[in-house]
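Naming follows writing order (A, B, C and D), and every chain is counted from residue 1.
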Amino acid sequence: MHRGRLEAFSDGVIAILITIMVLELKVPRRADLAGLLPLYPVFLSYALSFIYLGIYWSNHHHMLQLVDRVNGKILWANLHLLFWLSLVPFVTGWMGENGAAPLPTALYGVVLLLAAIAYTILQTAIIRSQGPDSKLRAAVQGDRKGKLSIVCYAAAVPLALMWLVPDRRIESRY
Amino acid sequence: MHRGRLEAFSDGVIAILITIMVLELKVPRRADLAGLLPLYPVFLSYALSFIYLGIYWSNHHHMLQLVDRVNGKILWANLHLLFWLSLVPFVTGWMGENGAAPLPTALYGVVLLLAAIAYTILQTAIIRSQGPDSKLRAAVQGDRKGKLSIVCYAAAVPLALMWLVPDRRIESRY
Amino acid sequence: MHRGRLEAFSDGVIAILITIMVLELKVPRRADLAGLLPLYPVFLSYALSFIYLGIYWSNHHHMLQLVDRVNGKILWANLHLLFWLSLVPFVTGWMGENGAAPLPTALYGVVLLLAAIAYTILQTAIIRSQGPDSKLRAAVQGDRKGKLSIVCYAAAVPLALMWLVPDRRIESRY
Amino acid sequence: MHRGRLEAFSDGVIAILITIMVLELKVPRRADLAGLLPLYPVFLSYALSFIYLGIYWSNHHHMLQLVDRVNGKILWANLHLLFWLSLVPFVTGWMGENGAAPLPTALYGVVLLLAAIAYTILQTAIIRSQGPDSKLRAAVQGDRKGKLSIVCYAAAVPLALMWLVPDRRIESRY
């Protein structure tokens, strides 16, 4: 089985996710600044998620360059990654419309964390399929810090939020 | 006629269907758990349909590996399959928003059954186009149980529902 | 310039149009037949437009098989065709939600007629680019009746409607 | 890294943007001309944006013909262009629903200007990656006027608006 169709399908899903997110930017009824300005948190969260999905697409692109044949495990590990990425428009919209309130922001972080884990599972499935001479393992070893930093970054989002949530609860007692 | 464009078009449609389903997960107005929790049946039905469409995409992917040339019958049998798959977001949304009530769940099963039948028609059209030395027939014969189980599974959904529906009617008499 | 990207872009647009139409099938609030049945005209108009777009995709697919190189005129003639096809979901929705009332049905016919004209323009642009030994001209000549029937069929829709519209006006006088 | 997947992803995003714009053409409730006619500014702004995105797709198509290998800078310059293009449906909808009022029209111009700048950045990134023998630089030099005119045109839109905005303010004093 060739990797071409896996790439095409993943490209299709990520391209649609990126474009569907923009539907959350609902056209305001008023034609003035007072109609436009309340959209800025939705716009910011859209821009953030656009960059996130761009990073995933770019990394996915690079990783699959090193894959020759796709087996069933890789195919399902890839669908698993796309599942978590497909929830990005929902959490982006919820976070954007609530001005980065704690729970929506935490859920945003959780979805990104699960996507990062799914990405690692996909990477592992590819390395296993390639056996001891895995080209991907060789490439990832040299770049271990880079990959580690992505996982840490994704993990940091919900951690940061756990920090914030109690703070806000304490604040609410005053 | 080459199979490439048929694959690309089918990939496009299935990728869009998978992503359009997530639009049914409407962003709640409240930023707390009370806003999020009522979405869990919609989320579960989304996850179920994502897996279903993933299975179809994966099987479609494998089947077309064995096709060299596409004729008019295969092209229309493929569009027929895509038609029933295109109704999955609608029945997923209806089932999810009604907490798996009998009629929406039955309709969900009916659409999946019709998609399974359309898949079998497509398979038959490919085998006929390949003549007596059909590579697909050889592959399917060895895997007859696997294919049979898919059809049985799809058929079981509405059967199970027919079982449930009278039960509920009996219950409503008490 | 190669034809591959033109095909991929057209496939993408037609795949999205086919799937966007299904969004017009709005999930009913009620979980019973009384919620589902009013959707049947929307469903029928969706099925009709699915077949129409399927025919266009299939014919487009066949026509481009005979194209080797794409020039600017072909590229824009193709975008012109996609423009009219992109209005199919709108007219399908309007016709479906109004139970095939005269004006929505007439507009549906007008859009299909303009798409048929755009298809003929695209065909002419390809034949001209291929010069006197045009493979497409040779193919189309043998199939002149087939092409003529498509144009007649598309033309017949608004003609039939012009017939209907006065009828209804006469009826309204009683 | 090959250019194929960059093209496929860009085609996917632009195809979806073009088709998502048509969702702004909301199906009217009335089945007569009084329901249809108020949609004409939305239709006109849709047609304008369709042509704009068609021009971008066509130019993008031509430019990437001259690219053999894609590096990280080109990949991100391309995502940056797609980001601004992804805002076209939003500004098209805002302009269309407000009958080309000054602020929505100005924002429409701003988004197109930023897209034109992003296109120039992408072009520069490609030329730099190709070194002194850049095929793209050679092609662009011969067509400097064409490229300049695109930039001027895009720049003219907000300039024209700045001209209009004071006019309207003056008018409002009467």
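Note that in this section contacts are C-beta pairs under 8 Å (C-beta built on N, C-alpha and C of every residue); 3 or more make two chains touch, one makes a residue touch a chain.
Here the structure is a predicted model, which is why all the values come from computation and not from measurement.
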{"item": "Topological distance between chain A and chain D, in contact steps", "value": "1"}
{"item": "Chain at maximum distance from chain A, centres defined as averaged CA atoms", "value": "C"}
{"item": "C-alpha-based rotation, chain A on chain B, 0 to 180 degrees, nearest 5", "value": "90"}
{"item": "Interface composition of copies chain B and chain C: same or different, split at half", "value": "different"}
{"item": "Length of the line joining the C-alpha centres of chain C and chain D, rounded to whole Å", "value": "26"}
{"item": "Whole-Å gap between the CA centroids of chain B and chain C", "value": "26"}
{"item": "Centre distance in Å when chain A and chain C are each reduced to the mean of their C-alpha atoms", "value": "37"}
{"item": "Per-residue overlap in chain B, given as positions that touch at least 2 other chains", "value": "8, 12, 16, 20, 23"}
{"item": "Overall pattern in which the protein chains touch one another (line/ring/star/complete/other)", "value": "ring"}
{"item": "Interchain contacts (touch definition) - all pairs", "value": "A-B, A-D, B-C, C-D"}
{"item": "Of all residues in chain B, those that touch chain C in their complex", "value": "1, 5, 8-9, 12-13, 16-17, 20, 23-24, 72, 75-76, 79, 82-83, 86-87, 89-90, 93-94, 97-98, 101-104, 107"}
{"item": "Complex contacts: residues of chain A adjacent to chain D", "value": "7-8, 11-12, 14-16, 18-20, 22-23, 25, 27-29, 31-33, 36, 47, 50, 54, 57-58, 61-62, 65"}
